[in-house]
Every structure is written in C-alpha cells, then in structure tokens.
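See the structures that follow.
Here chain A shows up in two complexes: once beside chain B, once beside chain C.
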Partner chain A sequence: MAFKVVKPGLSTTVQDLGRPGYFHLGIPEGGAMDRFALRVANMLVGNDEGAAGLEAVFMGPELTFDADTLVAVTGAEMPIFVDGEPREGWSAFVVKAGQTLRFGFLKAGARIYIAFGGGIATPLALGSRSTYPIGALGGIDGRAIAAGDVVPVGEATTMTERSLDRGLLAPVSVPVSLRVLTGLYWHRLTPACQARFFADEWVVAPEADRMGYRFRGGAPMEFVDREQPFGAGSDPSNIVDGCYSYGSIQVPGGQEPIVLHRDAVSGGGYFTLGAVISADMDLIGQLQPNTKVRFTEVTMEEALAARAARRDRLAKLRAALA
Partner chain B sequence: MKTRYSFGGDEHVYVEIDEEMSLEAFFIALSLRNAVAEAEIPGVTEICPANASFEVRFDPDVIAPEEIMARIKELEHKAEVSDKRLETRIIEIPVYFQDPWTHETLMRFRERHQDPTGSDLDYAARINGYDSVEAFLEAFHSQPWFVSMVGFVAGLPFLYQLVEREKQIQVPKYLRPRTDTPKLSVGIGGCFACIYSVRGAGGYQLFGITPMPIYDPTQTVSYLKDFMVFFRPGDIVKWKPVDRAEYERIEAAVAAGTYTPRIAPVTFDLDAFNADIAGTNANLMEALNGI
Partner chain C sequence: MTDILSPLPGTFYHKPSPDAAPFKAAGEAVAAEDTIGLIEVMKTFIEVKAEAAGTFAGYVAADATPVSAGETLAKLD
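So, the complex of A and B:
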C-alpha cells in the first residue's frame, strides 16, 4: 500500500515523534513540531501515537492513493478535499483507491499533520522515520517529499471513520503567550533588559523553521559588563560554545531572540536566556510569521503544572477515541 | 573554577564547569558527565557534553527537577579528583588549504566579514600577529588539536589546539553568519577549529577543506559503515596539508571505498601534557608514524 505525491506543497516531510539519543553528536531529536497534533491524527486512524505521518507547512500536498486508506488531518486549519469533496479536520475519513487528497489555502496555524492508517513505512534511520534535511537523514532520502515520490504505508488496523469533539482541544489566545523559565545565561542581561524582554511585544520573523523560530520587534538586549572569558569570542552575546536545548532562547548579537525547536543545532557560542517550557513547544509549531507573541515568565511549578495539564488533555482524547 | 548549575526549561539541567575554556574544565566536565552516566539515574534520557560544560536531559514525569539537580551536585566531588587521562586516538586529517571552493564561498559573503578587502586567512594571520599566511598555517597545522565537543550539526567536531594559551589562535566569528558553507570546510572561530560536516550556515573563518567525509547518513563510506558519525569527544587531530592533486586522489579513493584514515591509539594525560607540552605532542604525533 502506498500513496503517490502529485504536488509536494512547500516543505512537506515525513515525521514521527523523533529520534532521541543522538543530540550529543549534533543529531537532533526532530519529529513533529506539533506533537499533540500528530498524536491525535494517529489516534484517529487507529495507529500508535508515534507512527510516522506527513507534516506540511503553510501549504498542503496533493496525494493519490493506490488502495483504500483511512486518513486524518489535524493541526493547522486548512480546507481538505477528497476528489473535490470537502472533509473535516480532526476526523478520520476513507480515501478510496484512485482518489486524490488535496488542500485549500491555510486559514489558521502553520502546520497540518496527515496520518495514514498503518503509518508511513519508510525505513527507520537511527530508530526514527523523521526527516532531518540538514543531515540528509530519515524520511525519503533525508529530504522533503517531491512530486513523483511513492510513499509506502503499513498495514491498517481499522477503516472506521470518526470525528473528535473539538472541545477537547486547547484554546489558543491572541497575542500568543509563550511561557518561559529563565536560567542558563539569564544573569548576562541587565535587570532593566530582563524586565523589558517580558514586557515587549514580539512578532514571529520570516526566518522560522524546524530548527528555530526567530522573533523581532522587541528592544535589543543589554548585557552586564564583563571581560569576555577566554575562548568565548569578543561579542558580549558570546560564550564558550556550550550545549543548546530544545526550547532554549538565544539572542545572537543581542538583537533577535531565536527559540530552538525540534531540529535544533545542539550547541554553539551564543548565550541563552532560558527556555520555553515543554508544554508550549507544540504551540510554536503553529505560529505563522508576523504573529504577535509575548514571552511570559513562569516558575518551575507552573511549568510542571502546564505539562501535567497537557498530559491530561491527551489522556482525555485517548479515552474519547479508545 | 566555579561550577554553576541551572535549569534549561523543565527538561534540562545545564552544568557549566567554567566560563572560560581550558582543558582542565573539559576534563572535569567529562568526568562529571561520566559520573552522571554511571549513576544511571532514573529519568535521565541523554547527556550532552560540551567544551567546558554539559547538559543533562531528563523526564520530569519520572524525576523531579530539584532531585535530578541534587543528584548531579552530589557527584561533583567525584569528578574533581578523578584521573585527567583518556585512552583515545590520534587521526591524521588531510587538508587542502586555500582551496578554490571555500575561497569562492568566503568571497561571496564578504560584506558579512570584519575585513571585506582581504580573505579570511589574511585577516586571521594579521590579527594573530603572523607575518605571512604561510607562517599562520604552519602554526595551525604543526601542533595537534583536541576534539572538545561534537555537535552544532550532525557530527561536527569543535577542536581546541594543544598549545600554551599564549600560542592559541583566536579569531572572531563573522559579523553576520554566512548562509552557505561548503561541506567539509575547515574553519576557526573563537579559539576553536571545526570541520563543517554538512553544507549549511556558518560563522567561522574559512581557509581549507578536507577530502575525508566525517558524516555519512547513507553509511556507504568504508570507515563510516558501523556508525555515521566519525568524531567523538577526546579524539586528537593532526592536520596534514595536501595539494590539489593529493586532495583529488583521496577524494577518488573515498568514492572507490579504498581510503583508510590514518589513526593510531594514544593515551592523553593532562598532567603530563601540562608538564611538557612539546614532548607530549611529539609523542602523540610519533604514534602516527608507526602505522
């Protein structure tokens, strides 16, 4: 069983829940930027939550199927058509052999997730099917899908169509608030600058991809004076190259914050001022350029409570779809 | 040295052994990292070592953040007294200095550089007080380098030169990073050299290229069949200047599957190194002659 790519969209990649364990060699975990959306798409079609699907940013692909396939689309809001007939997002529907799945223009969010009953069955690379284009790893030859690709799909366990109570999804407020735990090299910033970072309104810059999201519109950073440590480099935003973590916020040259995401670089020579909490990482994957964003300071207790709330929401969905 | 602990979000503990780079800080970070790994603390999912720091990733659903941090701190005393000795390997890496491909790239991004009128090499030689680029390159390749970190992107080594601090080459990174760097370029930024394992963005000063792949996701290169990443922290590198003919010969041998990197097992002992840098380096490089 397989589907064929008629049009690939802008940048559509095979993603699952990633390949943890190789970041110490510079190979990031990767996987779906909005893990919640991929998990739910897989639940809808009866897959393991970590099965591989497609992640398409801003524009959907056009796909034809060689066999009846149960499909679910979650994440961003984008009209869905099977041979021109509309279908609902956050639901599982059958695409019959020979039919074409395509998408309309993006209405809200940034990334859709397409799950296929049985899951995409491309070869595993370091334990995952996720595409890491920088390292030419995973997916289809380590790259985004292209017109003409034939993508294998595994054995489905069900062909039952169903939908989801959208009340179970998290509401998104505007301007979007990204919760941040300060730390790492936070002490490099002056108290006035620290306060301003949270007071300023930021917008998502065009340079926003799987590696990281850049923000602009806020004031440049002000650093506490010091003599730069040996080996760090002369700019006050430089440190002796250290590890970066998923969600960590760096500000090269003190100008524009970058939140590292699933395909993060694993280290480098810029200071980091803290990190977006794990519960808000999915949200970043749905931000379009020019979206207004505020960073909100939280405590570890609040971060863990948000994490628990996210876990509970997934548990409710699991129960609803069981 | 004052070890500093911080949380990086709700899933990471960041441990900075020292703000400045030194082999002492590297070895303490390595020992503490090893102690954390050996402790097999439940909930620890990965440990990433860096030059003078490391980061522990944990699952806060399994272990509370305060508890994991306390467990790491308890191990600090062990790291401080452990041996600063490493069973490792020295590898000869051929480099074609002043090659046409990195030169084309660095000229293309000239407006992002501190000195738009010259080349990266002219600039690096001048600000480090060398009379000629030849003298600078001699200093760069005549003494070995130590892989103090692997990362940034897939399998990229950061290297720290095994010389007295006053002899360390230091250069700033580009004012604004390039959006392109040829695969396998050799560069330097701060006090660290690197080999760009893949093509992509980069901010280091460029002046050469190696024909020897160090990352191969297809695992077809003969010496990368077992694992796609070549370098490990603690590896020691001796650069070997090659001309274009030799570069092309090695490139062809790699493609034919007949190239074998020159590698010798060595022991690196930090105290012995500090007591006699020239002698230690001579011994390290001597090991390559025996193969």
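So, the complex of A and C:
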C-alpha cells in the first residue's frame, strides 16, 4: 500500500515521536511538533501512538491512494476533502483506492497531522522515521515530501471509521499563555527586566519553524553588569558554551526570545533564561505567526502537575478510543 | 470581481524586492499562473498566483503586512 504526493504543501514531512538518545551527539530528538495531535491521529486509525504520519505546516498536501486506506487528520483546523466531499477533523475515515485527499485554507492552529492505518513505512534512521531535513535524516531521503513521491504505508489493523469527542481536547485561550520555568542564567537579567519579560505581550515571528519559535514585540533584555568570562564573547547575551534543552529560551543579542523546539541545536553560546514546560510544547507547534503570547512563570511543582494533567488527558483519550 | 486569497499565514509583499515595482498595477491584465505577490513565512518566500484570469483591480492587503490564511490579498475585475 502507498499514497502518491500530487502537491506537497509548504513543508510536509514524515514524523513520528522522534529519535531520543542522540542529542549529546548534536542530533535533535525531532518528531512531531505537536506530539499530542500525532498520538491521537494514530489512535484513531488503530496504529501504535508512535507510528509515522505526515506533519503539514500552514498548507495541506494533496495525496492520492492506491488502496483503501483509513486516514485521520488532527491538530490544526483545516477543511478536509476526499474527492471534493468534506470530512471531519479528529476522526478516522476511509479514503478509497483512486480517491484524492486535499485540504482547504488553514482556519486555526498551524500544523495538521495525517495518520494512515498501518503507518508510513519509510526506513528507520537511528530508530525513527522522523524527517530532520538539516541533517538529511529520516523520512523520504531526509527531506520534505515532494510532488511525485510514492510513500509506502504498512498493514492496517482496522478499517473502522470513528470520531473523537472534542470535549476531550484542551481548550486554547488567546493570548496564549506559555508556562516557563526560569533557569540557570535567569540571574543575568535585572529584576526590572525579569518582571517585564513576563508582563510584556509577545507575538510569534514569521521565522518560527521546527528548530525554534521566535517571539517579538516585548522589550529587549537588560543584563546585570559583569565582566564577561573568558571565551564568552563580548555580547552580554553570550556565555561560555553550554547545553541547550528542548524548550529552552535563548535571547540572542538580548532582542528576541527563541524557544528551541524539536529540530533545535543541542548547545551553543547564548544564555538561556529558562524553559517552556513540557506540557506546553505541543501548543507552540500550533502557533501561527503574529499570534499573541504571554510567558507565565511557574514553579517546578506546577510544571510537574501540568505534565501529570497532560498525561491524564491522554489516558482519557486512550480509554475513549480503545 | 474575483478575490485572490492568501493560501497561508505570513507577511505579504507586493514587490519581488524592496526596490522593485509591485508585481501588478491596477488595470493590468492578469493570467491565472501570474504571480501577484509573495508571502514570507519560516524564512521562505512563497509566490501567490492569481489562479484566475482577469484585470487587476488592486491590492487589498497592504505591502509588508501580516496576513492570515484565507484573507483577501487582491482583487481581479
């Protein structure tokens, strides 16, 4: 079984839950920007939650199928059509052999996830099918899908159409609140700047991508005076090189905060003021450019409670779709 | 009157480069495959095609401004 790419969309990539374990070698975890949405799409079509699907950002692809295939689309809100007939998001529906799946204009969110019964069956690279284009790793020849590609799909376990109770999904409020745990270099900012970082309204910059989400609109950082340590460079936003974590927030030149995401570099010479908590990272993957955002300070206890709440929500979904 | 809609969110530009003239001027003939503007997002510029033939009536979205998917960018007569 396979589907053929008629139109690829803007940057549509094969993604699963990523390849943890190589970040210390500079190879990012990768995987879906909204892992929650990919998991649910897979559940809907009867796959393992970590099966590979497509992640399409801002624009959907156009695909034709050579065999009847159970498909689910989750994540961003984007009209779905099978041979011109509308289909619902967050549901599993059959696309028959010879039919075409395509999408309308994006309505809300940023990334759709398309799961196929049986999962995309491209070769594994370091234990994952996730595409990391900068490293030419995973997916189709390490790149985004292109017109004419034939993408293999595994053996489906079910062809049952069903839909999800959307009441089980977390509501999103605007301005979006991203919860932040302050970090190792927080002390480098003046108290006034620390307060301003959380008080200011930021917007997603159009450069935001799988490596990092950049924000602008807030005041530049103000650093506590110090003599720069040997090797750190002269800019106060520089440090002697250190490790970056998934979700860490760097502010190059003190100007625009960047939250590192799935395809981010693993280390470098920028100070990181803290990290967005793991429970809110999927949400970042659904932010369009110019979306208003506020950063909200939380404690480690609150971050862990949010992670537990997210796990509970996923467990409820799993039970509902079992 | 046909609306040319933005296929995706980003920053809309009327011109191929800051010093160039806009892609289209009011009254100009437009073919379906003609580029009428650019959308910049994720460090990439995407050409916006007219997707219909007609006479260019003018830009609706201002140059170098943020637009959302499905927003009207320009009109054809």
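Miscellaneous remarks
The definition used in the following text is that the second predicted complex is superposed on the first by the 322 of 322 C-alpha atoms of A that agree within 3 Å, B and C clash if a C-alpha of one lies under 4 Å from a C-alpha of the other, contacts with A are read in each partner's own complex, and residues count from 1 in each chain.
Everything below uses one rule, namely that a residue touches a chain if its C-beta (ideal position, glycine included) is under 8 Å from a C-beta of that chain, and two chains touch if they have at least 3 such contacts.
Every value quoted in this text rests on a predicted model; they were computed, and no experiment measured them.
The superposition on chain A brings chain B alongside chain C with room for both. In the superposition on chain A, contact is made by A:106 with chain C only, not with chain B. By the touch criterion defined above, A:56 lies against neither chain B nor chain C after alignment on the C-alpha atoms of chain A. In the superposition on chain A, A:135 contacts chain B only, with no contact to chain C. Touch criterion met: A:265 reaches chain B, while chain C stays clear of it. After superposition on the shared chain, chain A has more residues touched by B, the comparison being chain B against chain C. Once the two complexes are overlaid on the shared chain, A:95 sits clear of chain B and of chain C alike.
Contacts of A:11 after superposition on the shared chain: chain C is touched, whereas chain B is not.
Note on the superposed arrangement: chain B and chain C approach each other to a least C-alpha distance of 10 Å. Common to the chain B and chain C interfaces on chain A is no residue. Listing the residues of chain A that touch chain B in their complex gives 20-21, 23-27, 125-126, 132, 134-137, 142, 181, 183-184, 186, 229-235, 238-243, 245-248, 252, 265-269, 272, 274-278, 300, 303-304, 307, 311. Residue ranges of chain A in contact with chain C, taken from their complex: 10-11, 57-59, 105-107, 110, 206-209, 288-290. The touching residues of chain B, counted against chain A in their complex, run 6-12, 14, 16, 18-22, 45-55, 57, 60-61, 65, 149-156, 158, 160, 165, 168, 170, 172-173, 177, 189-192, 197-198, 200, 215, 217-218, 228-229. Per the touch definition, chain C reaches chain A in the complex via residues 5-11, 40-44, 46, 66, 68-70.
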